[in-house]
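Let me give you the structure first, and then I'll get to my questions.
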Amino acid sequence: MFRKRLSILAAALMLTTAAHAADKVKVGFLSTLSGPGAGLGVDIRDGFNLALKHLNGKFGGLPAEVIVADDQQKPEIAQQATEKFLKKDKVDFMTGIVFSNLMLAVGPAVFDSKTFFVSANAGPSQYAGEQCNTYFFNVAWQNDNLHEAVGKYVQDKGFNKVVLVAPNYPGGKDAMVGFKRFYKGKSSEEIYTKLGQLDYAAELAQIRAQKPDAVFFFLPGGMGINFVKQFVAAGLSRDTQLFAPGFSADEDVIKAVGAPMLGMFNSSHWAHDMDNAENKRFVADFQKEYGRLPSLYASQGYDAALLIDAAVRDTKGKLDDKDAVRKALEAKRFKSVRGDFKFNVNHYPVQNYYLRVIGRDAQGRVTNKTMGTVFANHADAYAAQCKMK
Amino acid sequence: MTERAAPPSSPLLDVCDVGKHFGGVYALNGATLAVEAGEVHALIGPNGAGKTTLIHTLSGALRADAGRIRFAGQEVGGRAMHERAALGLARSYQITNVFARLSVLDNVTLAVQARTRDWGTSFRFWRPFARDTAIVEEARALLERVGLGALAGRRAGNLSHGEQRCLEVALALGTRPRLLLLDEPMAGMGPEESARMVELVERLARQVTLLLVEHDMDAVFRLADRISVLVGGRVIASGLPDEIRADAEVRRAYLGDEA
Amino acid sequence: MGLYVSSTRRRALAVAALVGLCALPWLAQAAGQGFYVSFASRVLIFALAASSLNLVLGFGGMVSFGHAAFFGAGAYCAALLAGAGVAAAPLVWLAAFGAAGLLALLIGALSLRTRGVYFIMITLAFAQMAYYLVVSLPGWGGDDGLPLSGRAPLFGIDLKDDTAFYYAVLALLAASLFAFDRLAHARFGRVIQGIRENETRMEALGYPVFAYKLSCFALAGAFAGLAGALLASQSGLASPSLLHWMQSGTLLVMVILGGVGSLYGGVLGAVLLLVAEEVLVEITPHWQIGLGLALLAVVLWAPQGVAGLFARRRGDD
Amino acid sequence: MTQLILEQALNGLQFGLMLFLLAAGLTLVFGIMDMINLAHGSLYMVGAYLAAAAAQASGSFLVGVGAAVAGTALLGVALEVSLLRRLYARDHLAQVLATFALILLANEGVRMLWGAQPVLLNAPDALAGPVEIGGFFYPSYRLLIIVVGLAVAALLYWVVARTRVGMWVRAGASNREMTEALGVDVRRLFTVVFACGAGLCALAGALLGPLLAVQVGMGESILILAFVVIVIGGIGSMRGALVGSLLVGLVDTLGRAVLPSLLREFASPEVASTLGPALASILIYVLMAAILFWRPEGLFPARA
């Protein structure tokens, strides 16, 4: 009885303090920082930190406290870290998660505690459709989108015997669905691999036996690095064209694999050669800071920080007013490095998707070059099912 | 316990043509032996004759390759060691085999507790053993009988060799066997300890049928009602001590060298 | 190691610890650190799992390297029941207890034919089989595991509240430990300890050793299943990593660290390992170095585990 | 189909031979000293990291491999003399705890030195492409691994079967006390065996580095497979380790290849490609359980 009355009292106090501004902004940054998927998490983190540096360590003028945790790409580790963020550190925002399966694992706890999650990567179809949530925002894309773009290009180019390879997890399934939404030819084989698998000898033998025209693979991080290397080593690149979403053909993979990737087509919503002032500053400073070209993951981490900054500024630091924070996030008052985009009803971006090809740039480096636009102002296929409350 | 009435003439333990080989080597080669209820039956033979193998085969530690073993009118050759023990066929070990890290009393209570026909099952998960005072009392009485009453609280591993041999016998007795296989109870003992063991076995003989394997010929001829001689995995003679002493074949094969 | 006897001193300590644990949520709330209530539930759940392993390992003398299979089986049982709409905690716990017990009965029946190192390895093999099966079964969530929505209520008590859940876990752990204590002092407990000390001798005395070992193995598996079900509701996820061999290894480490064959060894080990982890994580990202060195120190200088350091030398040991 | 099976058989052979490199050391450690060494996988990891570091520093893959083997063997000696020696007389539980602690130390040590992200180790450029054998292309690097694996297996076989040291090792595995009584310094013998085992681990780590990823935790998954191998083969038996490795390698790889297509006969493609690999990974554990069930001491028991 006593406890209950106490908590009612506490709730009343909370209401009266609700209008007061916070004195700092706490962000829980949970990402994959070890293991084969670590490259992605590290890029998101570095992008996020670069933005924070550009913002002088402040979000919306308030000192920022960013607590970084490694989810080791394991759902239960992610959950434990999230619980700590929510119950111990009591963060105002969470961000950073790379893999959709982890997002789905921690989502319920985050939303239950009315904490905003600004996803810098994971964009599971569930949260775009029926399970869309007031507290979930994605600054990157819905999982299917980049795959849709490749599917459309492969369809337009007239390939008609394609093998699809993706890891067996929600992001992998979204990839296959997305690709097939626009590719209408024969998908002779759909190979699901174990998430985190590194030796693809068996799959490559299977592909060789199928003799496809093209292979579409979605294997983020270290998985993709190994797949491309082994694909080339097996001699398959001689008669089979490789296609991938930008995830598997960005600077992290190129740096590791090098020349064998030349000529590979891939899709992205961003590229480091995009011509706008924000992007030029981002790319230049990223290279200065970390000594490598940024990947799309880094750009997403950068944008996530900018979105949080804009929301805090809009609400004048009154982060307890959840409604106001939501509206500020939806308004998206910042300039993205990818050019312009806006949020759909499901809090996923509506934006352009481009085709890139891997070639040598003016300095002779192997890198991505933007070829053209595949989709303009493209929304995901699930938004219609979202009844945002 | 189910005890089918055996014809009065049939022996308590009836071993017929038992064979056991390891690889190509025959340790037992058609051993035949009968132990009558109530007697002390000694089994003697030179080293390597197969005495211990026979004890293992009878107790169930080893399975015989051939022949049959009847105990109390039942075929037991195919039964597991614990089933034979539950039927009343107990054994002691030549190399002391007690619960070294447990107290002397716990050693014997475990043996007494094994007698499910008197105490019921040990699949009792909840009721404290401390309430089974009868088991503990019987164990204490047994320890008194073998002369270890004063050492009940000691760790079995800390007993002297002779005391451990006595405990070994107490363990076998705790199950109240109908037949006790005593495998060299006097092994490694000094003369004084041996004398005490002989006394103990003499007292035991009044309560339980014994099959005694022993090297000490004085003890054997003093204790045994009947003697069987095992040579080369085969019983070459069986009879009263005097008959055995007089048997020419036994003398040649075995006693000849020593007597 | 003699037959287990719980001294009055140790019982008094246990009661004192229980009282302290009862006060923990209140203290945590007072300090504004509700997180630690949830963390403490987790520790107590692992304490139950480790204690159940101690039953096979410490009392039964069977070095099982596959205990995680039963832990995980309980977790998946809870998740599947939650998915099927079963909304009564006692029912879920009972089902997890039974399912894990049955699995342990099956695995035990096959594994207990081997001895020593081969037993260690075959239990490991069966646990790995369970791991890959769970990962591969369609509808069981693969590598991501099975999420549970909410916690089933206990006779009208809402366990979604972390404090209520903590007390439920604490009550179950205390009841389980009490049961283990009874077990160790009952005839069955004496028999399995006798088997641990000298299996052949027990067989020669007429005990059906296999049946006793199997019962012990199955019972321990059942309690591990209960712990698994609790962990699944605590975290809201039945994860395949609960069945991974590293989990079996962690449980083993907890038991050895705490004290093999000591009733509270599992609890002590779980508390020490998880709290050390939690504390070290705050101090340094390289906390595993500290933990590794501490474990090595235990092996070299405290061979009876931490419980052994507290135990007074008894009689003529 | 036959070409698929052939290619998969080669993959299985390659995988099996790498397992053999790990299992060879493990089975001797296990067999002679009756020691459970969970940290054997950590030596494999350390070897891979040393190879990557040395290859990067020198620019030569070969130097990397050599440095890894030598460095890890030295580390093995240091470990054996300083710590493991104290554990031989202890029970299996103490060994499990101590070597589990070593896993933690090794993982964290590597993370401190090289970071949490995987390190890249590239195969020599000359071996980056395929070679044509029997009408189809096969990665030349994998072929090299097969050749090296076979050579090492042959060498080990010769050492164990034909040399005096090998005779001691065999004797030590079947009866340690007797070997000691015959005047062999088993302690020193064991240090040598352990060093060789560590070197072989490093060789496997260095060779597999370019195919997999050099990362923290790489040793744990492969360690269990090595245990499976030696239990199947019979603890302490070199021949058993070889047969067990090839069996596990082939069953695992061919299972992965054939099971999905087999399953496709009965189930949808998605279910087939989901269940297939998982069932294939169970396959080796089923194999191990079955072998232990019928031959509780493994295929080639070393102890008399």
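Letters A, B, C and D mark the chains as written, and numbering starts fresh at 1 in each.
Throughout what follows, a contact is a pair of C-beta atoms (placed from the backbone, for glycine too) under 8 Å apart; a residue touches a chain by one contact, two chains touch by 3 or more.
The shown structure was predicted, so the numbers you read here are calculated from the model rather than taken from an experiment.
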Chain hops separating chain D from chain C, counting only touching neighbours: 1
Far-end chain from chain D, centres as C-alpha averages: B
Centre-most chain [mean C-alpha coordinates]: C
Centre-of-Cα separation between chain B and chain A, whole angstrom: 77
CA centroid of chain A to CA centroid of chain D, Å: 37
Chain B-chain C separation of Cα centroids, rounded to whole Å: 42
Mean-CA-position distance for chain C and chain A (Å): 38
Of all residues in chain A, the ones touching two or more other chains: 168, 194
Residues within chain B bordering two or more other chains: none
Junction residues of chain C - those touching two or more other chains: 142
Chain pairs in mutual contact under the definition given at the outset: A-C, A-D, B-C, C-D
Residues on chain D engaged by chain C in the complex (per definition of touch): 30, 34, 36, 38, 83, 86-87, 90, 92-94, 96-98, 100-105, 107-109, 111-112, 220, 224, 227-228, 231, 235, 271, 274-275, 277-279, 281-282, 285-286, 288-289, 292-293, 296-298
Chain C residues touching chain A - in the complex, by the definition given at the top: 33-36, 38, 142-145, 147, 149, 235-237, 239, 241-242
Footprint of chain B on chain C - complex, ascending: 1-3, 182-183, 185-191, 194, 197-198, 200-209, 212, 215, 219, 315-317
Residues of chain C that touch chain D when the two form their complex: 57, 63, 110, 113-118, 120-122, 124-126, 128-129, 132-133, 135-136, 138, 142, 245-246, 249, 252-253, 256-257, 260, 286-289, 291-296, 298-300, 303
Touching residues (chain side chain D, partner chain A) in the complex: 1, 3-4, 7-8, 11, 14-15, 111, 116-118, 120, 123, 127-130, 136-142, 210-213, 215-217, 253, 256-257, 260, 269-270, 273-274, 277
